[in-house]
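Note that the chains are named A, B, C and D in the order they appear, and that numbering of residues resets to 1 at the start of each chain.
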Amino acid sequence: MTNYSFKYGIIGSTGKLGRDVNTILSENGGSPVLWFNRSGEYEIGKPDLLIDCSLPEALDKTISLAYKFNVPLIVATTALNEDQLKKLKKLGETIPVIQSYNFSVGIQILLNLVDKTKDLIPDWDVEIEETHHRFKRDRPSGTAKMIRNIFKDQSVNISSLRLGTTVGEHTVYFGGLEEVLSIKHTATSRKTFAHGILKAIEFSLNKKNGFFSFADVIYSDPGFQI
Amino acid sequence: MTNYSFKYGIIGSTGKLGRDVNTILSENGGSPVLWFNRSGEYEIGKPDLLIDCSLPEALDKTISLAYKFNVPLIVATTALNEDQLKKLKKLGETIPVIQSYNFSVGIQILLNLVDKTKDLIPDWDVEIEETHHRFKRDRPSGTAKMIRNIFKDQSVNISSLRLGTTVGEHTVYFGGLEEVLSIKHTATSRKTFAHGILKAIEFSLNKKNGFFSFADVIYSDPGFQI
Amino acid sequence: MTNYSFKYGIIGSTGKLGRDVNTILSENGGSPVLWFNRSGEYEIGKPDLLIDCSLPEALDKTISLAYKFNVPLIVATTALNEDQLKKLKKLGETIPVIQSYNFSVGIQILLNLVDKTKDLIPDWDVEIEETHHRFKRDRPSGTAKMIRNIFKDQSVNISSLRLGTTVGEHTVYFGGLEEVLSIKHTATSRKTFAHGILKAIEFSLNKKNGFFSFADVIYSDPGFQI
Amino acid sequence: MTNYSFKYGIIGSTGKLGRDVNTILSENGGSPVLWFNRSGEYEIGKPDLLIDCSLPEALDKTISLAYKFNVPLIVATTALNEDQLKKLKKLGETIPVIQSYNFSVGIQILLNLVDKTKDLIPDWDVEIEETHHRFKRDRPSGTAKMIRNIFKDQSVNISSLRLGTTVGEHTVYFGGLEEVLSIKHTATSRKTFAHGILKAIEFSLNKKNGFFSFADVIYSDPGFQI
């Protein structure tokens, strides 16, 4: 439970992630005052911040709301293109914008462990694997691409599996002579992302402006230093 | 230990599989009398049977040796093409030919379990995954293609990972609503294939002719009926 | 969506499983008319059936309600003792009682595949592993014990892992010479059990009396025959 | 291939590890000149170093040979007791002694990653799992105990699985809210340990005396710093 209360607006309030975000925020001091979804737009008060859990198609609407209310924006949308990221960076000059394809703490640790490991065994083979639900829009996942970027080598192979209602699994394998080392993260519910968004909210309320990643949020905690 | 002794010829005697086959056969009554590999051909006696552990390029040589000696042939070569398989079937009219991309007992069980499972939950998502060493010639593996053939659907996705010296892993995933069922086989040494080839040898010595799979070998055991 | 509507009573309505059962039943024609939980008992109508998602301590209350209303009972409680199971069997002489430690379809398939596999490779080593959330009452899980019973050998080892909020994972490993075969089931949400309870409800409404397992429910479907 | 040649004595030359050590050393400049095993003792020259791949019962013999020849000693024996470790430390005052329960590079990385992770998420649940062949003497494995020591908490649970001919698998799981992070190491052949012993040999030949772990060997490489 956060020790403060806040009012929020949510774009994509009825999607898979949006519903879990509403649940977790309401358990932690948050009250929704603005919704935007397929059925329309509802506004019952001025939000302290905005959260986008929608699809890339809704980003222009999100950006116009952010300029209108001049409050922090958390963007959890997947599969944004270069042009859309540029618009968000521009927006970050005015307000705090936190954008990530993955708001789980565990993935941030995985990214860090992979970074260390690749330096220790640079000659081992690398494979990345990600599993998600069958309706996932992008392939490979944005998180898998974040992992590949660590290697600064776009030829690293990513295997994408699509299975039922799987929320999200990412594994990085390092293969040497007669041994394999792997680092795996499994998210079993979108609530884990909602908890991360809660951390991002707390971070954003203390900023004037800027374009931030979820790593910025996590590493702003002095105890979380590798 | 088999309770009989036999003389064998081996094509591809110095490859990864060939060496393990020589080890296991010599522990079980086998004596090599003919070798064919990169360094040349050696013949010190007439073989009771032939084993091909080589690459597809050597198959014509193998077939000519089989016609010459008129003895059973076990083919463990990977990545044969349609034309080569046709030649082996033709050869089977004269002698016993046993051809498989995978001589492990565990894979035969996996194939059977997958076959049963697909009938029970035909509407679940399916993913196949295989991991092998980095020098593997074919992609996906012949075994992964055998698994896909069970589904009679060439659109079933196969993810291929290449890692270090991995001998062979195959996993089939079935994804439903909020649950996943998977069946996985791991071969940790080529000796497991060599043990299967030993079973195939025993089977072949009792046949006049015919073109057989390793499943034919396994299911000829009355205790092995699903 | 079932093509009928029904009224149900639920014991343990506010627990982890109870809440997901309420969600799934309400999406499929069910209306709750009786609740029993820590806060008390609420009755707003006569139920067509009863569901127990509570702890073993509540079973006597459940049984008394079942006798009172004389309607089918689904028991999803974990960790029942021999005496409690005897009472439920007795109750089954009067009404339909369906009891299982695991209402997922995938686990039923796993049980079946394990049964076939153990007959094919009786000399391979066996290991059972189960992972659940840290607050799980019983250790090993009831499902793991169901799996072990297949082997008719109480010396088969079960490893129990307790991790965060894990809903339920069960794996059976078979280890041979240089190869391992494993069958794994992962439930990622209790909704998968709620879907199974929905199947059990449909089954129960056509029965006069009897004590049934979830396997009886599943195999009553003519398409589900191994 | 090392760029030097050396003569070695090996205690336990015919065991599982001993045979793979002989293979890898002979491919890298090593010549055996002394063997000690069940069949007896053979000495055809003075060794430059000694390697113990035997059982704890042979350690006294090993130590007496080390004092006799006054050369470096590598100890890869499993399941030593406190008293035996004390004797080896004493011996280290005279000659270089390198002792480890696991000579793989990958396990050293796993130990390091686990150490970092435990500091970042100290409130997550921890589970350790190890799988080895059915004839393994100790339970849990020495490596699993090395991993548990990182947590400075002997109550951390270790699950031990025994399956067929499995060489060695170790996994550490961290369980949080709706997410699990795991780090896994698989050794698929004892050759991976033999390669580590080769590194330890090179390290030992440059030392006067001392009692060292395999971590000391690995981190003596300036490129291997986390």
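Criterion: contacts are C-beta pairs under 8 Å (C-beta built on N, C-alpha and C of every residue); 3 or more make two chains touch, one makes a residue touch a chain.
On a predicted model such as this, the values are computed, not experimentally measured, just so you know.
Each of A-B and B-D has its own count of C-beta contacts, and the greater count is at A-B.
Relative to the C-alpha centre of chain C, the farthest chain centre belongs to D. Note: centroid distance chain B to chain C, computed from Cα atoms, is 41 Å.
Chain B has its Cα centroid 45 Å from the Cα centroid of chain A. Look at where the CA atoms of chain B average out and do the same for chain D: the two points lie 35 Å apart. Contact with two or more other chains is made by residues 165-166, 174, 176-180, 188-189 of chain D.
Chain C meets chain D in the complex at residues 124-125, 127, 129, 131, 134, 157, 159-166, 173-180. Residues of chain B touching chain D in their complex: 165-167, 188-189. Listing the residues of chain C that touch chain B in their complex gives 104-106, 109-110, 112-113, 116-117, 120-121, 174, 176-189, 191-192, 195, 223-224, 226.
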